[in-house]
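In the two complexes below, chain A is the common chain; its partner is chain B in one and chain C in the other.
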Partner chain A sequence: MLSLFFLPSTRESASGRIYRRAPWLLALSVLALYGVLGRQLFLLSTLGTVFLYIALTQAWNILGGYGGYLNFGMVTFFGVGAYTSAVLFQYWEISPFLTAPFAGITSAALALLIGIPTLRIRGAYFALITLIITFAVQILVLDMPFTQGALGIYLQPLSLTPLGVERLFYYLFLACAALVTLLVYAIEHSNFGWALVAIREDEDAAEIIGIRTVEVKWIANCLAGFVAGVVGGLYAQRILYIEPTGTFAFDISLNVVLMAVIGGAGTWQGPLIGAPLVLLVADALRVTFTSEVNRAIFSVIVILIALFIPGGIMGLWTRWGRGRAEKAAAGGTQGARADEQSVQ
Partner chain B sequence: MTASIPAPLLSIEAVAKHFGGVVALDDVSFPVQPSAVLGLIGPNGSGKTTLLNVINGVLAPDRGAVKLAGIRIDGKRSCDLAAAGVSRTFQSARVFRTLTVRQNLFIPLLHRAAIARSAAVDRADELLDLVSLRPHADRIASEISGGQQRLLEFARALVTRPRLVLMDEPFAGIHPEIKALLIRSIRKTVAQEATSFVIVSHEVPELVNMSDFMVCLVEGKVASAGMPLDVIHNERVIEGYLGRA
Partner chain C sequence: MLEHLAAIAADGILLGLIYAIAGLGLSLVLGIMGIVNVAHSAFIMLGSFFAFELFERLGIDPIISFFLALPVFFVLGTVVYRMLLTRLERVAQAQGLVAMFGLMVLIENLGTIVWTTDTRVITASYTNSSVVVGGLFIAKVKLIAGILALALTAIFWAFLRFTLVGRAIRAMSQNRDAAMSAGIDVRRLSTMMFGLGIACAGAAGVALAMIFPFSPNTQVQWLAWAFLVVILGGLGNVANTLVAGLIVGLLQTLCAAFLPFDYVYLVLYVLLAAVLVLRREGLTLAVRRAI
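For the complex of A and B:
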């Protein structure tokens, strides 16, 4: 099902590709270097949170951005991942660093279980169901004895200095963000990615041209679940205490959707732009307006972006690039005509 | 000695389909020969699109069978039928609107057996030439005209060399030039690729001209089936669909 780099979306030369990727690679190198040189706990912690959200938003992007399925339940997979690691630590004292992959598998299994019935439903109904499932899972975790309900689960702090802890999670979440971005980039250039795009554009037409739409959506949902589960597992060790209300907070799902939509859903660059931007704007508003007014202002900004930049920042960028290319092509044609006339 | 009749590519055998108390199809039977165009006519609500949906796996028949080259295909998924060589276009063109014209043709190719990049590009360009869309290959599909989108959808249906193409109202609401181009392209495909077509249309004169066989449905039943001129002069077809001049 997955053949990579079969048909690139643009006819770009190798040097062009390197030129376009260079800023991203440079940013990654600078961030990797900052992990060693940086000593400000607040900044390391904030950047760690940005990386965590980039990974989650990229995971959402697979089905939500490329496949067009608006999932408001990413926090379900994230929370289940966090609880899987925490429960394994609570009862068997296995480090969440070791159980994070298992947390991913648990969340992927849950994504499959949820996806089998729900991914046959389209549009607003699907979005609504993902929302309901989040609340249902949260209630389930509150009521189950082995999750310790509202009391939550405490994890053992790492025997590191505060700076050591921040650096460790800075690098872990940076690695997660980079790897998931790489995965999404690969998906974008694979026939699996094209299948998702076809589903987003017209699911009936996609099925009729031979795409096994249901299976493609299941796989996309499982991939998203796996990533969110791994990130959730690491997050549990990061904050050392998890309880249902905070771990399954709807804000996390909402943030992820906003980050993807504002950055540009259905592009690998979108979450890289959207996640820091949303966190930056939200934090700036929180500092500037201490009352709940900051949330209202944030909502207005989101509405304005949805109204005037429907494809997000990447959509704006793509349209600008296309406009420039068309102008250049038109200029070239006119130039050629002028040359012809001068010859005649 | 008699000439042998080729086995039909598609057989519709006593197909029935109900929606609650409404009879959409009732005991519908006819064959579609290889390399042939079958015109399907009938008044609105006579079951033409329902029949295409049954052939295409969108709907399962309540009774009867649909066979492709002798193998039952009724109840199979559309994606499996695409792999078996059944393709389709819709009443209103359903192209992948945010992709380029050429990318629209790549997607079906990507979901078939491994195909080299160059072969995929060649095949896509071949189809773009057939429907005169090559100059628009790199334009976004939503930016080309409705008629061109219809041509693109047709090209997308052909790109994987299907054995059977189902077309639902392909000539409705398009410019006469595009209609003529579409008809030429269908004829060329039948001749060169041995593809069969089932075409639903209200454009009876065009359909009579291009069809090898014609079926008229009235109230879910076959009112007449046979050579196009025989069908349009059939009393039941005149009564139930065409009317008297």
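For the complex of A and C:
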């Protein structure tokens, strides 16, 4: 069973590995440095939101990008995580920083509950159920006695300066984003990741070569639920007040899908490109348009990408790189042929 | 008590008829063409506003709008099919789903731009009156909407069963390749079938607008109902969809009468999960060709 998750990695020289990883590590350290040096609250908070979405989109990416099973209701896991932490604070006064892992476990349990009926069968049932279950969970949260319905739950503010709070969450979400990206990178290069890709490409064939397709999908979905739950728990502490409509906003589900599809689903770099890009463009558009026009524009972009650019921006990038490599290879063989002719 | 129960049952049956046509379009498009139309409820929402606009601007009664919606949404459906769906045949299933999801978001937000997020109602002359049938008080709108829905279901059933085109559509759903070699123009029929599915969604939107308040951004709830009807009734079968719609309608009114607040959703989702677990083989076969 372990061999499913721990991976024979490709052999590569140490210098090559460092060369390849250097840009990413550099970017990470620049961002970490900015957390100390940056003094603009707005920028710190926006970047914090970007990191939050990177973590969510990477979590979505595991089953949605690699496995091809789309989750149109990521906000369900996120909101359940936020509410778990908030309710635990409300009744036992435990800080969300301590209960975030528990929020993750609750969301993972919900993910399993959704996955058991829908991931045993193939096709679009999972996508449809995740799309419509947000609505049901939101109504339940509105009506349950212990969630205080539409009143919502207030959390205790941290005893820090505003800048200190923004810095704290900047680092927390940066750490979340980095860890989840690392996890997805590891998954991409593991047998587990290959199993997911096999499921996406041809589920019959995947089963024939011995992949336990249903279990693999369940685990991927639970991982996504866990990450979204943890992030949701931290988010509750960040905004200090949660209520059903805002916490289960369809916009969050939509953003996650947009970011993954535009950046490139099924690659670990995709969410890193998609999340900042979508938030940046959305912010820029917000100045001139209302949020509805904004979403309408994004939905047209998503339709066009789904139809004409399957891999999103990462897909374009790899295709461009491959095309260049092929051209270089073709040029090389031609040169060799010219050499042969000159010898004759 | 007995009278109370009978009133609940009558209410449930009439609602069920409407849920049946809400699910019918989804069921036919999914079962016969294998297209998972995530945007189905967005078209239902458009149908509701179609009736709303005709009523507010021109004073046209929703009963007439119900029949007007059929050709209008048929054309809309064929246009969407030509522009979007024909291109989806070549891409992977997940991408097709993403595109349909994009279409849903697009329609919802265009709807919000035009009509804002305000909740609307249509108040026709008969909206608040009721009739007495066999000692039971039944709201007149529900009776009218229910009868319209039943008529539409009957038309679809007869169309698929007795006409040559209907027979060709059924052939296409059983074996696409064989239908093609028998000389059926599969592409034209698919366009038509999708148009019919959307026409059904539009008409369902009109019927729902007669009874419930509506707004552009709550359309996903109708997807939940329609999908439940489809799962319960199986794919692409008109008679089964009707029965499933009736079950869902009855269940909703019974739950609403005997359980506190919105537990009905919990009951319905548990039912949905149970059906998915129990019927999984039957469903897998039908979805193998899904986009």
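Side notes on the structure shown:
Here, the second predicted complex is superposed on the first by the 303 of 344 C-alpha atoms of A that agree within 3 Å, B and C clash if a C-alpha of one lies under 4 Å from a C-alpha of the other, contacts with A are read in each partner's own complex, and residues count from 1 in each chain.
In the analysis below, contacts are C-beta pairs under 8 Å (C-beta built on N, C-alpha and C of every residue); 3 or more make two chains touch, one makes a residue touch a chain.
Computed from a predicted model, the values in this text were never measured in an experiment.
When the two complexes are superposed, the chain touching more residues of chain A, out of chain B and chain C, is C.
In the superposed model, A:Asp251 makes contact with neither chain B nor chain C. In the superposed model, A:Ala198 lies in contact with chain B only, and not with chain C. When the shared chain is aligned, no partner comes close enough to touch A:Asp283: not chain B, not chain C.
Contacts of A:Ser299 after superposition on the shared chain: chain C is touched, whereas chain B is not. In the superposed model, A:Ile209 makes contact with chain B only, not with chain C. No residue of chain A lies at the contact with chain B in one complex and also at the contact with chain C in the other. Within the complex, the chain C residues that touch chain A are 36, 38, 84, 87-88, 91-99, 101-103, 105-106, 109-110, 112-113, 217, 220-221, 223-224, 227, 231, 261-263, 265-266, 269, 272-274, 276-277, 280, 283-284, 287-288, 290. Taken in their complex, chain A has these residues touching chain B: 3, 6-7, 9, 191, 194-195, 197-198, 201-202, 204-213. Put simply, chain B touches chain A in their complex at residues 56, 58, 77-79, 82-83, 87-88, 90, 94-99, 103, 106-108, 110-112, 114, 117, 120, 156-157, 160. Across the interface of their complex, chain C is touched by residues 64, 68-70, 72, 116-118, 120-125, 127-129, 131-136, 139-140, 142-143, 200, 250, 254, 257, 261, 265, 290, 292-293, 295-296, 298-300, 302-303, 305-307, 310 of chain A.
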